[in-house]
Amino acid sequence: MPKTNKNSKAVVKPLMAKSAKAQSAPRPIKGSKPAPAKPALKPAAPSPKTVIQKPGPAPADDAPVIALNLPAAKLNPSMAAYFKKCQDKLGFVPNVLLAYAFDMVKLEAFVAMYNDLMLGESGLSKLEREMIAVAVSSQNRCYYCLTAHGAAVRQYSGNPLLGEHMVMNYRVARLNRRQRAMLDFAVKLTASPWSVEEADRERLRRAGFTDRDIWDISAVAGFFNMSNRVASATDMRPNMVYHGQAR
Amino acid sequence: MPKTNKNSKAVVKPLMAKSAKAQSAPRPIKGSKPAPAKPALKPAAPSPKTVIQKPGPAPADDAPVIALNLPAAKLNPSMAAYFKKCQDKLGFVPNVLLAYAFDMVKLEAFVAMYNDLMLGESGLSKLEREMIAVAVSSQNRCYYCLTAHGAAVRQYSGNPLLGEHMVMNYRVARLNRRQRAMLDFAVKLTASPWSVEEADRERLRRAGFTDRDIWDISAVAGFFNMSNRVASATDMRPNMVYHGQAR
Amino acid sequence: MPKTNKNSKAVVKPLMAKSAKAQSAPRPIKGSKPAPAKPALKPAAPSPKTVIQKPGPAPADDAPVIALNLPAAKLNPSMAAYFKKCQDKLGFVPNVLLAYAFDMVKLEAFVAMYNDLMLGESGLSKLEREMIAVAVSSQNRCYYCLTAHGAAVRQYSGNPLLGEHMVMNYRVARLNRRQRAMLDFAVKLTASPWSVEEADRERLRRAGFTDRDIWDISAVAGFFNMSNRVASATDMRPNMVYHGQAR
Amino acid sequence: MPKTNKNSKAVVKPLMAKSAKAQSAPRPIKGSKPAPAKPALKPAAPSPKTVIQKPGPAPADDAPVIALNLPAAKLNPSMAAYFKKCQDKLGFVPNVLLAYAFDMVKLEAFVAMYNDLMLGESGLSKLEREMIAVAVSSQNRCYYCLTAHGAAVRQYSGNPLLGEHMVMNYRVARLNRRQRAMLDFAVKLTASPWSVEEADRERLRRAGFTDRDIWDISAVAGFFNMSNRVASATDMRPNMVYHGQAR
Amino acid sequence: MPKTNKNSKAVVKPLMAKSAKAQSAPRPIKGSKPAPAKPALKPAAPSPKTVIQKPGPAPADDAPVIALNLPAAKLNPSMAAYFKKCQDKLGFVPNVLLAYAFDMVKLEAFVAMYNDLMLGESGLSKLEREMIAVAVSSQNRCYYCLTAHGAAVRQYSGNPLLGEHMVMNYRVARLNRRQRAMLDFAVKLTASPWSVEEADRERLRRAGFTDRDIWDISAVAGFFNMSNRVASATDMRPNMVYHGQAR
Amino acid sequence: MPKTNKNSKAVVKPLMAKSAKAQSAPRPIKGSKPAPAKPALKPAAPSPKTVIQKPGPAPADDAPVIALNLPAAKLNPSMAAYFKKCQDKLGFVPNVLLAYAFDMVKLEAFVAMYNDLMLGESGLSKLEREMIAVAVSSQNRCYYCLTAHGAAVRQYSGNPLLGEHMVMNYRVARLNRRQRAMLDFAVKLTASPWSVEEADRERLRRAGFTDRDIWDISAVAGFFNMSNRVASATDMRPNMVYHGQAR
């Protein structure tokens, strides 16, 4: 793959764009564990099958990160720099990156596509892209993505309820016509892709979207239909810190 | 309806049984964070890039409580006492009660059934009944019940994550065999009631449930299949305070 | 629960309002058995697994009433009076009451809610409420409710076919616009409650329903989504007498 | 098509095999009308849009027989004889025959296939074939077939409840293993034909069915998946007399 | 069944009307095998379980024709003539005929209905009827019918892509309004027959169809809902020659 | 993005690995058009709405490539080289690349992920990955992917029927246990990702797959759940040449 300044820059953009200085010293919510100093797909001690019954400290829900035994590879320089950037800006490395870190080619391909889609130039705001991510993940009932991107919706919007709406049933959110049309399209595309036709695209155009915007809505919805399935197939667990963010 | 001491007592039991004295000066249950001195749904710093409705205090999501114009009736003495009890113990009156308060007969019937099912004697713990409530409501994507009873699962368990698991996909929770069987039954009963048969009851018995327990699982699952639909049909909105409880 | 004259009266209203004098000496349809003199959840003799092949008297389909072993409790005075009222007016005690009779609190709560919803004041006629009951139960394929409430539709309407339409596919009934809108709403609320929105309520208003009517449609549909599931979960069997009523 | 004695005989077999002498003077159920002397697809007087509200004689539900304007053709001698046979033996001509009577080739093809499948030689009893017909029609919610073949199940079995079970939810019938396996196969084949595989055929074989029986189960289930759709597509109405038969 | 010249003629019409002279010497696609000289339900050598891994000649996919052990009966003269006609005109006997050939009554009934529906007089062109066949079979994911009738669409239309569209997703075909309305109706009737109502018929009328055309659309859609299920239930295999036809 | 030799090499691997020398002078199937000398998202002449009725040359189905108006960007050197490679090896540039060619970052991210997943190192053969691609695309009824990857299955396997099986219903293919388990997992992950659990992964392990293989199955299934949706959302059209390949 060619080296491009543009791409190189993309790499150093964090997966979660927002400065998380407030989070650099995260309030110690129970059950959170400090992000590992170096990427480790699995903790030393195996996670016991938890019997939930009595109050007590929340078990470490995200260890191991996935239910597949895939030893972490050595990070290449580019990915090492990227993980450091995540650590510095977010205070942790998102578990999805640890999950992909068994193979540098796969990790880089995922990061490149993710960063372009969610953080690159678009007629959709970053919040709107995160709203699509969560509404799609709700249709697919994906624990990882609902948690990580639900937190992102809360952060970007400054409205904790909007995150809950996207997680639970996007139809209860009091959205403007544009955003409602956007989510209706994304969720229909998720539930019955074969039934999406010109009339659906026309509805988006009438709500003010350009053809490029329609591509972006489709690409983000498509991307989370992929990620939801990789996460569900591997029982991927979100970093515990997400749960308490921006409530 | 006959007056029974038992029933009369039921009336004064709060809808959310747990003492919420805590919430004026909350007892430190795990994972809860102290209730803010004054309600502050949002962080100090406004989040940039918000296209939706601009940063600022989150809009009052729960006004009106329902999308039907049904003027509140005068509370009868029993219900007035009950609402006062809620206010004293929880710090608020659950919106579902306000929704039913246009008619005292309906309100009392709802309260009687609810309190018996969720707070009365049972082989199921209160937490287990709330877990059923949320898993069923997730299947039905009911905003009101996911919010109010998701908070209850967090409170009863002292495990904020368990609430999220029930909301998002109960299959990701690391449950013991008993609780997994219980939720599998409740969700199957929700999704395809016609397909529940003796083999399903036998599975519950093998997981340690008595016939009375099976009734209770069924009755709680049934009740939330009712409540989910009343809530969705009327666009019922949960009290805003639930969102931040026991995180 | 408070004593109210209103409620006390509700208790003495029969579960099936219509006078069934004609049925006091029911025509002897094959397989019917006389209602038991006193409530008994189970017959002395166990019901054999029936091999259906040759014509002959229909086996006793409704013994035991449910597939759970829950010994009947002693009826309290109020419920004893209510059961006597059923026996006098209907000629039998509906099996759903026998099913709940293992616990007086549960029985009273069920009766109070049922009687208010199905027999109390409403902008919906009693027939309309029964039509909702059956259309919902058809969606959920609930044997108990289709049988008992199918009979009620036949009785209230004096039109045996209308009962069959509700049981088989409500769309084949030649309904006026009001009743069709009512059933479309109830069945959508049953099949995909998450998708019910303001446009659905507006459709009911345009068909002539008030906001209070919309509550009642929702509450009746919700109630049968509960009852269908309790009945299916417990394999509840309708009294045999229903099958032949009002044909 | 070749003339065969076998086939010619098939023609004179009635669509509903059972002698209906008892029905030659049918008890006057409300709304029934005498079968027309000669086949007529539509009555002289158009059927008004019925507003159902008050008790009264049931409206003529089965006129017109279908919602398509297809003038009856002149019966050819074979079909005229067949209709006469129906009239003599059943007391009426089944409406499905009137529906097909606009075209003699279609009518004869339908009659030939129907009579072979439902009345010809088979390892399945006629009752079992009717049970399949109704269980399939219940899955497809077909008013015509549920009514006509529900009556047939009641007649053949002498057990009115069995007919109701098949109409409402075949899983509630207390069937032997053979018949349960048969209906499970037929309903799976109806709901998701693509998922039927060798394991499903093996289950039938283990329940005692021969390969020829499996063909017959499949062919009957297939036939009603056709008929259900022709009936639903044309709003075909069953003869009113079916509703009261063999209750 | 009466002998009619009309019917006799129908018998000699081939199942696949189009002259297939071009195919009399079919280009040797990999895996095709010559049609058997005389109808044989099973080959001498049993078909091994194929492990697909390496390129090589395609295994004989269509032996045995079905997964049921049903020995072929002796063809009666009419059917023997019909099979010969198929052999002469098509170069092979369609496997569905071999599948039915264990019983002459069933074979004749199938042939009579098939030939009338697909080749008889109709306001629908033969291509349109085949388009319905394939769109319905796609909904039901029926391998036999998709293969055999996909080939027919390619042949009748002279447009190989149209066959692929019907197999994969009929919505991607650039159809005129008439044909789109026709397929929308047929597929809705397949997926949810209970929901087809007058509004659906009206949509066909507005697209230019007569009531007789609506019958034919329904009957063809119904027929393939039958055939799809007989084929899936028996694992019926299409003649290998279809795969390469009219590409 | 960092420059890595590995990645650079990935770029020069063609999207369709197999040498297509035979196709360098493709047999002139009806309707095919030569691949454009330089990437052009749209042809000069607009595509008319095609009325399909009479045999004749197949219309150009793949112009425009997508239903969004997104002008092609100038290819950067790396992508220009990649397109040239496609042209040289395959004889055409796959339309999906033309569709993404409005933006070099998106195009490169797509190519990098695709080439790694489908052509990189894996315990799954390339054929197996293509089989997953088609089985998933069949579940989602995606015209583009069924066509392009159906051709790939035919090519890699040398078995035209296997491609048809994957397109129509993968359950009819006579697969070994390993490949059947692989496709069952991929299709379940597609249809109900929320229901995939440890038992599903265990089934793959018992069929001989390593944890790394399970990742790859999941990642390929996930990728096509993305691509199917981007293709359906944009009405992406496959190159006409695919239809005739390897029949």
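Chains here go by letter, A, B, C, D, E and F, matching the order in which they are written, and residues are numbered from 1 within each.
The rule we apply is simple: a residue touches a chain if its C-beta (ideal position, glycine included) is under 8 Å from a C-beta of that chain, and two chains touch if they have at least 3 such contacts.
What you see is a predicted model; the values in this text were computed from it and never measured.
S.K.: If you walk touching chains, what's the least steps from subunit C to subunit F?
M.R.: Shortest path length, in steps: 2.
S.K.: Sort out for me whether D-F or E-F is joined by the greater number of C-beta contact pairs.
M.R.: Higher contact count goes to E-F.
S.K.: For the homomeric pair subunit B and subunit C, should the interface be classed as same or different, according to whether the shared residue numbers exceed half of all numbers used?
M.R.: same
S.K.: As a test of understanding: of all chains, whose mean C-alpha position lies farthest from that of subunit F?
M.R.: Centroid comparison gives C as the farthest chain from subunit F.
S.K.: If you take the mean of the Cα atoms for each chain, which one ends up farthest from subunit D?
M.R.: So the farthest one, by centre of C-alpha atoms, is A.
S.K.: So what's the Cα centroid distance for subunit C and subunit D, whole Å?
M.R.: 29
S.K.: Just curious, how far off is subunit E from subunit A if you go by their C-alpha centres, in Å?
M.R.: 48
S.K.: Can you list the residues of subunit D that touch 2 or more other chains?
M.R.: Touching at least two other chains: 141-142, 169, 194, 197, 235.
S.K.: Looking at which chains touch which, would you call it a line, ring, star, complete or other?
M.R.: Topology of touching chains reads as other, fitting no named class.
S.K.: What chain pairs are in touch here?
M.R.: A-B, A-C, A-E, A-F, B-C, B-D, B-F, C-D, C-E, D-E, D-F, E-F
S.K.: Could you pull out which subunit D residues touch subunit E in their complex?
M.R.: Counting only subunit D, the residues touching subunit E are 1-4, 6-8, 10-11, 67-70, 76-79, 102, 104-106, 108-113, 116, 120, 140-142, 185, 189-190, 193-194, 196-198, 201, 211-212, 214-215, 217-219, 221-223, 225-230, 232-235.
S.K.: Can you name the residues of subunit B that touch subunit D in the complex?
M.R.: Listed in rising order, the residues are 194-195, 197.
S.K.: Give every residue of subunit B touching subunit F within the complex, in rising order.
M.R.: 169, 171
S.K.: Taking the touch rule as given, give the residues of subunit F at its contact with subunit E in the complex, in rising order.
M.R.: Subunit F reaches subunit E through residues 29-31, 49-56, 58-59, 61, 125, 127, 138, 141-143, 146-147, 156-162, 164-165, 167-169, 172-176, 179, 235, 240, 243-244, 247.
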